[in-house]
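Lettered A, B and C in written order, each chain numbered from 1.
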C-alpha cells in the first residue's frame, strides 16, 4: 500500500470478565486496510473475528491497542450521538442474520429514508430520489422498496441491509458473515453485487467469514484468526495456496471437495 | 398440476444391485401441511430408494423439501398433515404403523440427528440424564448399567473424560461437542437408518470434518444406512454414495454422488455447482441465477425451475416434466436432458449488470 | 411465475394473513362486544335512565322489579338500575386512570432503563421489585390513611402500585428487542437513542403492552371495587359497583340479595370480558412477534 492506509489496527486486545473468570477474546491483533482494498478475516467460532469487528465499528470498548481511521484515533467508542453519526459516515456494518437486521415493522423505503435523514439534509423529493438510487444500486425495485421485510427473502433483506449501510456513503464496509446465512444461488448474486459496488463506489471491505471459497472470491488480502490471535496474514492467494501455519492448513484441508476423506484431515493440536 | 407417472422406475439406483428390496423405499410421496386454514403442498411426487448400508445425500436449498422428506420418513409431521404416496421401511408401510410397532420404528429402527443440537437438548438436564433416559425407558436398563453404557457411547464419539461430561449441562459444551453427544444418543440404539438433517451445518468446518469421521465410522461399523441432508454439494459428493437433488418440493435429479459435479443431470444442479466460488481460484464474476429458490406451493405451473433456467423452452412451462432415465447414469426431471447431457457446464457469459431479482416474493420466508 | 399470478397470490395471501393475525377469535370478539356495551352503558346510560340515582326514599326500600323501578330499589329506596348505570362511570373511570398512568410511567421507566442500562437499570429494577412486593391494596389503604378516604387517593396509590406490573414486562420485551442487530445497525448510523426507543423498539412491543394493560384493567377494577366495598374508595352517596356491593351486604342478610347480586354480576362480567380480551390480545401479539 503506497498511500496512507484507510484503517490501521494496532495490538488490539479485548478481555472479558474479571479475575479468574477473565477470558481474552482478541489478543494483540494488528492489520491494515487500504483504500479500495478488501481484507478478509477468516476464523471459526471463538476466533475473535466478530469481537474485532465490533471494536472497529465502536460497539465494543478495546482493552488495549489502537484503531486509527485515516490517522484519527478511533479506539474508544463514540461518546456522543454526534460522534456516532460522524463516524457512521466513515465505517458501516452489515450483519449476518437477514431476519433480525431489519426492523420488521418498518417499510424498506422508510428504513432507507430514515438513515438518509440522519446524515443528509434532504427534502422529500430528494430523499425519494436517493432511496430509489440506493434501491437500484443493490437491485431492489419499487415494489420491494414499499414492502415490509417479511415479504422479502433472505437475499433481498441482505440487499436492504447493504443499501442501508451504503446510504451513509461510508469508505469502509464491514461484512460480518453477511452471506453465510444465504442459499448458495443467492450467495452468488450477493457476491457479484458486492464486487460491483466496490467497483462503482470504491468502498473498502472488511469481510469476515469462515468460508474460504467466499474469501477467495471477495478478498485481496486475508488474515487468519484463531483463539483471538492472528496466525497468518498475506494476500489471499498466498494464504490459501501456500499457508505457513498448521491451523491454516487444517482449515483448508477441512473443506469438503472432490475425493475428500475427512479422516485424512490432520488432528487438531 | 397433474402428477405424471415417472417413466423411470421409482428410485432405481443407477447401479442396480439386485440385492433384494432396498431398506427404504419412497414412492410418489406428496405431502401437504396445514398452514393458515389451508393445505399447502410441500412435497410433490418424491421417489427414491436407499439400500442397506449406503449413504444417500438429499441436496437442495431453502424450501426444497429435503427436510420435510426426512421428517415424513421419521413420522414427525404435525397433525393435520396430508400424506399421499408410499414410504416403505424394510417392506412395511411406515404410515400404517401404529402403537407398539410405531414406537419400535421411531425408537429402534430409525434415528434422527438434527441441525441445532442445542435446540434439541433440555438445558436443565445433565448430559448423563439425556443419554440414559432412552436406555432406561426403552431397554429397561438399570441406572448403573445405563451410565456405563453412556460413558462407552461418549468415548465412541471421541469425547475425552466422558464421566465428567455426563455430569455437565448442555450449556457447558460447545456446539461441536453437543452434536457429538447427539450422534452418540442417536446411534446408541443401533438404528438401521439414520436421518441426519444438516448435522454439520451449524458447526465450524474443522469440527465438521471431525464429526463426519465419526458418522462415517459409525456407519461402517454398525452397517447403518444414512439419509444425509445438506445444502453443501461438495460435502454430499464427498461423503455420500448417491445423491438426490431437490427443488420446489420435487426430485429433480438422482445420480451417484461422485459424478454430481462433473456431469450434473439437471440445469439446477449445474447452476448450483457453478454458483459456488472456488477456494483455489477467484472468478471474474460468479455465474449467478436470477430469482430465488421457491417452495412447492409457490411454484408455477410446469417445470418449477423454468423461470430461472437458462435452457427453458415453451414445452417446459406446459406441464410438470416427468423423471426421465438418462442412460444408466441417473434420472432427471428436465425435458431437454437427453439432448443437453454433458453440455450443462459449458461456460456461460456472466451477467453484464447486477442481477435483478424478480418482484416481491409473494410468499412466506423461503426457509 | 408471471407477475399477474404472483400479484394475485400475494393479495390473497396478505388478506388471509391479515384475517388470521388480526382475528381475536370468537371469544375475543364476544368479550370486546360485551365491553363496548358496558362502556356505552356508562357513557349514554345516565341520559337514558329515568330516575335520580341519589333520590333516597326509605319507604320504597327493597322493592322488587316493577314498572317504575326496572331492577327494583336498594336499601335506601334508590332506583337500582340508575345506581348501577351511574355506578358504571365511576367503576370504569377509576381503573382506566390507574392503567393509563401506570402504563405510561411504567413504559417510560422501562424503556429508559433498557436504553441507558448500567446503574440506572439496576436501580430501576430494584425499585420496581420493591414496589411490586407491596400489595397494591395495602398501599391504597396507606394512602387513604395519609390523605383521607376518597377515590383520588385510591387511584393515585394503585397507579404507583401497578407501575412495576407493566414495567417489568416492558423491560424484558424491550431488552430482547434492543439486543437485535437492527438496533445496533441504527446506533452505528447515529440515530438517537430516544428515536430508536420510540420509533423502533416501542412499536414492536406495543401489542404486548396493550395486552397487559387490558389485563391490568381487570385487576384494577377488582382492587378499586374492593376498596369501595370496604368504604375506602368511593365515598357515599356516589354510585359505584363496589360500593353498591358493600351497601348491599345488609340487604342479603335481610333477604334482599338483588342489590349486591346485580352489582357483583356487573363487576364479574366486566372483569371476565377484560381478561378474555386481554388473553386474546396477548396471543395475537405473540403470534405477530
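The rule is simple: a residue touches a chain if its C-beta (ideal position, glycine included) is under 8 Å from a C-beta of that chain, and two chains touch if they have at least 3 such contacts.
Every value quoted in this text rests on a predicted model; they were computed, and no experiment measured them.
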Between subunit B and subunit C, which partner chains are common? A
Note to self: most contacts are between A-B
In terms of CA centroid distance, which chain is the most far removed from subunit A? C
Would you kindly tell me how far, in whole Å, the mean C-alpha position of subunit C lies from that of subunit B? 51
Chain centre separation in whole Å, for subunit B relative to subunit A (CA means): 31
Between subunit A and subunit C, the Cα-mean centres are separated in Å by 48
In subunit B, what residues contact two or more other chains? 359-360, 362
Give me the residue numbers in subunit A that touch at least two other chains, ranges are fine. 151
Shared interface positions of subunit C, touching two or more other chains: 10
Residues of subunit A touching subunit B in their complex? 44-45, 99, 137-141, 143-144, 147, 150-156, 159, 183-189, 191-193, 195-196, 210, 212-214, 216-217, 236, 240-241, 250-263, 265, 268
Inside the complex, what are the residues of subunit B that reach subunit A? 61-62, 174-175, 204-210, 212-213, 216-217, 231-235, 237-239, 258, 261, 271-272, 275-283, 285-290, 292-293, 351, 353-357, 359-362, 364-367
In the complex, subunit A touches subunit C at residues 57-59, 81-82, 84-88, 92-93, 95-97, 100-106, 114-115, 118-119, 151, 161, 164-165, 168
Help me check something: in the complex, which residues belonging to subunit C touch subunit A? 10, 180-182, 184-193, 199-200, 203-204
